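You will see subunit A twice below: alongside subunit B first, and alongside subunit C after that.
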Partner chain A sequence: MSIRSEVITQINRVASEQDKRLAPLSDSLALLDSGLDSLCLAIVVARLEDELGIDPFSTAEEAGPPVTLGEFIRLYEDAAK
Partner chain B sequence: MRNVLVTGGSRGLGLGIARKLAGAEYRVIALARKESEPLAAALREAETAHPGSLHFFACDLGQIEELGGIVKTLRKKFGPIYGLVNNAGMSFDGTLPLMPTAQIEQLVRVNTISPMVLTKYVVRHMMADGGGRIVNIASITGFTGYSGLSVYSATKAALIGFTRSLAREAGRMGVNVNAVAPGFVDTEMTQSLGEEGRERIVRRSALRRMAEVEDVANAVEFLLSCKSKNITGTVLTVDAGSTA
Partner chain C sequence: MPPSDRASLWNALSAANNLSGRFFAGAHGTVRLSGIFKGSCLGGRTEELSGRSVLIVTTDPLAAAMAAIELDGIARRLVLYPAELALEHVPYVMASVPTDAIVSDRSALGVEHPAVGPYVRCGASFVPGSFVRRAQQPTEWILLTSGTTGRPKMVVHTLASLTGAITADNTPASRVVWSTFYDIRRYGGLQIFLRAILTRASLVLTNTTEPTAQFLMRAGAYGVTHISGTPSHWRRALMSPYARKIQPQYVRLSGEIADQGILDHLRALYPGAKVAHAFASTEAGVALDVGDGLAGFPATLIDKRSGDVEMKVEGGSLRIRSPRTAARYIGPNAPEIADADGFVDTGDMLELRGGRYYFVGRRDGVINVGGQKVHPEEVEGVINRHPHVRMSLVRPRRNPLTGALVVADVVLENGADAANGRAAKLEDEILQLCRGVLPRYKVPASIHFVNELAVAATGKIVRRDA
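Up next, the complex of A and B:
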């Protein structure tokens, strides 16, 4: 499974568990408009760490938080390189 | 067995908490820089009485940038973490005007920043796993004054504020967050009080005695148990009535 599809899978899973209605997912979608709140995003990050073994938010040189879904996915793709 | 991390679990309060929880059907992982002789004895005892209930994990919690990796390693080795007891702390006794700035920074780093960052990495997995318990060991000095402990008191007051707000933040994800505020307990950390200081504390307490390590450990056990499922964002004072 690609990193992109794993991220999308986890977002859908958490939305379903937390009873959140997701906006149509696209790279330009702002995370804050996705239907997931910050706690749900924290769960997505924790699950992705388990699935991919990557946590781009724990590195010392982390940049500002990603604004869009595309930026969020890119963060994981870059960390996997 | 549910996994519980106890920071500073090699001596004093932390060791007492670790021993208590190991005897209460938890798998306790005591985090500390070195394995002390009392911890080694507790590990041997636990292995006989409740095999697998007490483990030691060596790490320096003052190395903030290492904490994410530590949590990852612990989860890989032991599985999901149910409870976190932020007990590790240090104290320098001394008046503020003479306290070296480096000591002030070290106190804030070890007593406040380290537990906050460790909690950050643990709580998000608790939320993802559907719940968990966090107990922060504060101190009565966080809400009552004691000369010579101004910076230490400030770090403990910070933990109380942290406890209340995190309880609000993580509550709907099933995570309870509470603090225990011990009074002066007879441990290595309070040795500097001297006999006279100890007598003064006893004289001023409602019960005319000092709280013991066992009392604090009982409070932590309660806050991790199902008996406290509807208690969150609170501070349980264990001080034999020093602040009554």
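Up next, the complex of A and C:
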């Protein structure tokens, strides 16, 4: 599975577990407008660490946190390189 | 400001010679402070609440703020009910703290509670009228904080202990507008509310349902100059495209460990701002203010009296003695807050590295999820209700967004169940059980089935992360 699809899968899974309605996902969507609150996003990040074995937030401290879904996905893609 | 101006919030506002231009803004409306001389947010019923022990439980934090301003010095006691505490705890709070009046912006609390004297409606707007208010007594302020069982602990403060860290000589050279991500009914938020009143500033409040983007836009529109929140509040704000809508001069972090990453990100985003982090707890009060832009704090602050705060490290945890500590807990079987020497053990563990102390977690295993405390025992108690669970261990998992998440290790009655394909179903059942009774941040983000958990000679589960 590609990193992009893994990210989308986990976002959908956490949204359904947490009873959140997701906005239509696109790269330009701001994460905070996605329908996921910070607790949901925290869980997504933990699940992605389990699935992909990477936590780009702890390794890429220099960059600011991602604002859009596209930036979020790119953070994982770059970390996996 | 002479000390008498701090006899009550009302005294402080009366002594400020000019209230025009000062405002308190909430998510649903704005109150001009000059209105307090011409009206009442309690419908003019302040007199009825004189000398009473008043539970303030509102949906709108601004309504609670205005009620507190009118009642401080008038009521015998103010009990501040925080936004995120479920109303089902109201009867317990009222039984623990004798209460003889309720102030609320709801027509009814919607929960069975003991009969009280007056039930007074409040709101974030003034009923016109001329009402005499004179501070009659120092009011006790009761703050609710999380306890091991899920029931709140009640902590007694006075206006003097709450405002000890607020220096009076910083009469602002220019207009100051404070804001906070916190609920003002929690210690961290209450500090900002009181600071705004005593330092002649304005205040922008948010509530639990307001989206971050909307709050940041409002804060920007009001020209917020000073703003506080937990590191998790700030990490969320930094993920918003609207973080640039505010141009603060002063950014404050508290309530969680501030790591170097979040301090650096804030300094990069707000180059003109002073970024400071503070250590405070409901029981110990404000103890530390660190303004050098680095995580942790200089070891020289320990064992040295700075102002009226003394700090020491004993058994690895930070102990504080100061006039800002709470007076006591209130309620059945309430333990002492301070030891015989007057030191409060914060339970926050410190590690000394290169001349600085760093916070490394809690001795009692309390997990801090985005500034909200989770007692593992409470969550374990819920998990253990499942008929197939023998025992469980709830522990923190580090998280870059909320500092930590809650995860659980579970031993099943029949170990084979986990292996024979029933794991997913059992995990689901346990999570449903938790979601039914616990706030979301206390529900484990994941459950791991394990064959055994280490039990110490004392019969207690070994908490390795503690």
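Descriptive notes on the structure:
Simple rule for what comes next: the second predicted complex is superposed on the first by the 78 of 81 C-alpha atoms of A that agree within 3 Å, B and C clash if a C-alpha of one lies under 4 Å from a C-alpha of the other, contacts with A are read in each partner's own complex, and residues count from 1 in each chain.
Rule of thumb we're sticking to: contacts are C-beta pairs under 8 Å (C-beta built on N, C-alpha and C of every residue); 3 or more make two chains touch, one makes a residue touch a chain.
Quantities reported herein were computed from a predicted structural model and do not represent experimental measurements.
Looking at the superposed arrangement, the partner reaching more residues of subunit A, out of subunit B and subunit C, is C. In the overlay built on the shared chain, the residue A:L39 is in contact with subunit B and with subunit C. Shared-chain residue A:V67: touches subunit C; no touch with subunit B.
By the touch criterion defined above, A:A23 lies against neither subunit B nor subunit C after alignment on the C-alpha atoms of chain A.
Once the two complexes are overlaid on the shared chain, A:M1 sits clear of subunit B and of subunit C alike.
Of the two partner chains, neither subunit B nor subunit C is touched by A:A80.
By the touch criterion defined above, A:L31 lies against subunit C but remains apart from subunit B after alignment on the C-alpha atoms of chain A. When both complexes are overlaid on chain A, the residue A:D55 reaches subunit B and subunit C alike.
Annotation: subunit A residues 39, 42-43, 45-47, 50, 55, 58 touch subunit B in one complex and subunit C in the other.
Within the complex formed with subunit B, the subunit A residues making contact are 39, 42-43, 45-47, 49-50, 55, 58, 60. Residue ranges on subunit A touching subunit C, taken from their complex, read 17-18, 30-33, 38-39, 41-43, 45-47, 50, 55, 57-58, 61, 64-67. Within the complex formed with subunit A, the subunit B residues making contact are 65, 68-69, 72, 121, 124-125, 127-128, 169-170, 172-173.
Of all residues in subunit C, those touching subunit A in their complex are 211-213, 232, 235-236, 238-241, 260-261, 264-265, 268-269, 369-370, 397, 399-402, 405, 431, 440-441, 445-446.
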